[in-house]
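Naming follows writing order (A, B and C), and every chain is counted from residue 1.
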Amino acid sequence: MTLSEIANGKVAPRTGIRLDNISKQYGSNIVIDDVSLHVEPGTVTALIGPSGAGKSTFLRCINLLERPDAGTIQVAGHTIEPGKVINAKDLAALRSTVGMVFQSFNLFPHMSALKNVSFPQQKVLGRSKSEADDRAMQLLERVGLKDKANQHPGRCSGGQQQRIAIARALALDPSIMLFDEPTSALDPEVGLEVLAVMRELADDGMTMIVVTHEMQFARDVSDTLVVMADCKIIEQGDPRAIMSDPQEARTRRFLRAVLER
Amino acid sequence: MSWLSEWAAYLPQLMSGLGVSLMIAGISIVAGYPLGLVLSVMVTAKNLAVRTLALAVVEVGRGAPALVILYLFYYGLPKFGIAFESITAACLALTWNSAAYSSEIMRAGLQSVARGQLEASNALGLSWRHTFFRVIMPQGMRSAIPGLMGVAIQMFQGTSLAYAIAVPELMKSAYNIGSQDFNYLQIFTLAGICYAAISMPATWITVYFERRLARQT
Amino acid sequence: MDAFSAVLQGLPMTLMLTASAFAIGIVGAVPLAVGLSSSNIVVRLACRLFVDLVRGVPIIVWLFLLKFGIQIGTFKFDPVSAAIVGLGVVSVAYLAEIYRGGLEAVPRGQGEASGALGLSRGTTFLHVMVPQAFRIVSPSIATYLTGLLKDSSIASTIIVAEMVFQSQSFARQHPTMEGILPYVLVGILYIALSLPVAYLSRSLDARMRKAVYV
């Protein structure tokens, strides 16, 4: 069975994302300025750009960790517009459909790896403990961490923690996965373990948006490369095309900086 | 309305009590902090006797209730022929308290200064005195400021215990007024307001410093 | 009777006062801490004002206010209940502030990750924030308990027969040199009593660290 089949029980319901004219500001500080992005079901979108470009904020708008000030979000059967009240139940449903993986893992330090993956299933999806534990065990095995099931995150390496975090998100049967620099806090070597899991997920046809500085991953795995700078999307398209022949000077400068490191 | 007019009548008497409270608090702080600094250095001394003595002074000053130290000075020592005025006893007891508490805070502050600072100073060939007074102390004291302000507030509130040895401070003045016409509710409420009027803003200022320090580091 | 047994006579009362006030504080501080970190500004400011006011007034004033100032119909506080209620309310305020600090010290990512998983606010609070906050604040709670033990001595000023009160009466009856003994002994006793709490907090801390994080 593939990773997303285990995650979903069956085959993932493939959904895409439509973001239209999204804007967001903190006080008078504009962070996202009228950005639109359409993501086809089952595709991988890599989001790159300099620090402070607004990538994280944009990603967090998709699962409504941030509410945009303007624009429309269509995701997982929900349409979100500014001012529209969304009740707690719908919000929980939306967020479990859209999995998110953070740069700093954010595992629950007081729970074992197994509990980290099992507990949200019980609370959000109402699964029984044994059902949730079984599913958690399957996923941990799949990300290569069966033997860490009873360890607390503090006892796991960064790469292991991040794979547990991915399992935790997958356990809620998401049809979309968001990754915010999942390997930036990891040693390059350890990052590879995590990238391998993500690659597998992509092969299974999971819809993914990945903020990353891993250019090789972006080139090999993503279907679309999106470049953000100064609160806007400045360029998007085929990853190889953009990397070999960027149209924007800003993109060129950024790529050179990343690749020359 | 009647409360307000009664309060207005009580206020002058209470204010002289407040003056005494502030004076005791001020003395215990002015005398206590330098002593605290000395103690904070002494507890890290290499000499075992010095270290033990300092530790004992600090542990008793922090571990025994202020009331007990107060009684020790006012009721206990006279039995050995060492007698103090009640105000002097209060100042001595609270000074011990504030020295003990502040020494702990200053020790923590000094220890928080990165080791690298000491190494850098040594590498530069700075003398012990310059290293301590010009490099370590300014940095350590900065992080100790909120804690020391907290001790000051604690000392101000602690002066209310001097009531128990009949020092004519705020609490004692309130009690005297109350026992004249038995309107304890009004007078202790007013006394409470007087204490709060000083302690609360002082706490807010402390919190402000704490936040600023937390942001900078 | 010797000084030590005189002081010991007050020990049960000291322990009772401390334990009762602590129990009130531990429980009562929970809703107040929630209020202190509420997103509703009115609730938050009201709780903040309560906490700062209670802490801004010395304990002895609260005890006198309760003991002498409160008379509702024929009801008046007896010294022991006044002490328990007074020390209890003060504990509520101090512990609420400690709890709030603990909740704030839980890394922001924890709340975000919970939100991103779709966990409800109640679940997030109970199962994610509280267990982590508790571990963070348990040493502060132990420190507060030793402070409360010392503060219970203030009850002697409203004639509660705890250790300091007993020391006082012994000293009064012994104008000789022996009269200084109870003060020395009671001071040592307070320090000795706070040792087990400090020890307990340290071992609790170590055990929980193990249970929670390993």
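One rule holds in what follows: a residue touches a chain if its C-beta (ideal position, glycine included) is under 8 Å from a C-beta of that chain, and two chains touch if they have at least 3 such contacts.
It should be emphasised that the depicted structure is a prediction, and the values quoted were computed from it without experimental measurement.
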Chain whose Cα centroid lies nearest the overall Cα centroid: C
Of all other chains, the one whose Cα centre sits farthest from chain C: A
Contact pairs, highest-scoring chain pair: B-C
Where chain B and chain C are represented by their mean Cα positions, the distance between them in whole Å: 20
Whole-Å gap separating chain A and chain C, where each centre is the average of the chain's CA atoms: 45
Cα-centroid distance, chain A relative to chain B, in whole angstrom: 53
Residues of chain C defined as touching chain A within the complex: 107, 109-110, 112-113, 115-121, 123, 127-128, 131-132, 135, 212-214
Of chain C, residues touching chain B in the complex: 52-53, 55-58, 60-62, 64-65, 68-71, 150-151, 153-154, 156-157, 164, 167-168, 171, 175-180, 183-184, 186-188, 190-191, 194
Touching residues on chain A, where the partner in the complex is chain C: 63, 65, 88, 91-96, 98-100, 102, 104, 106-110, 119-120, 123-124, 151-155, 165, 168-169, 172
Contacting residues of chain B [partner chain C, same complex]: 59-60, 63-69, 71-72, 75-77, 79-80, 157-158, 160-161, 163-164, 171, 174-175, 178, 184-185, 188-189, 191-192, 195-196, 199-200, 203-204
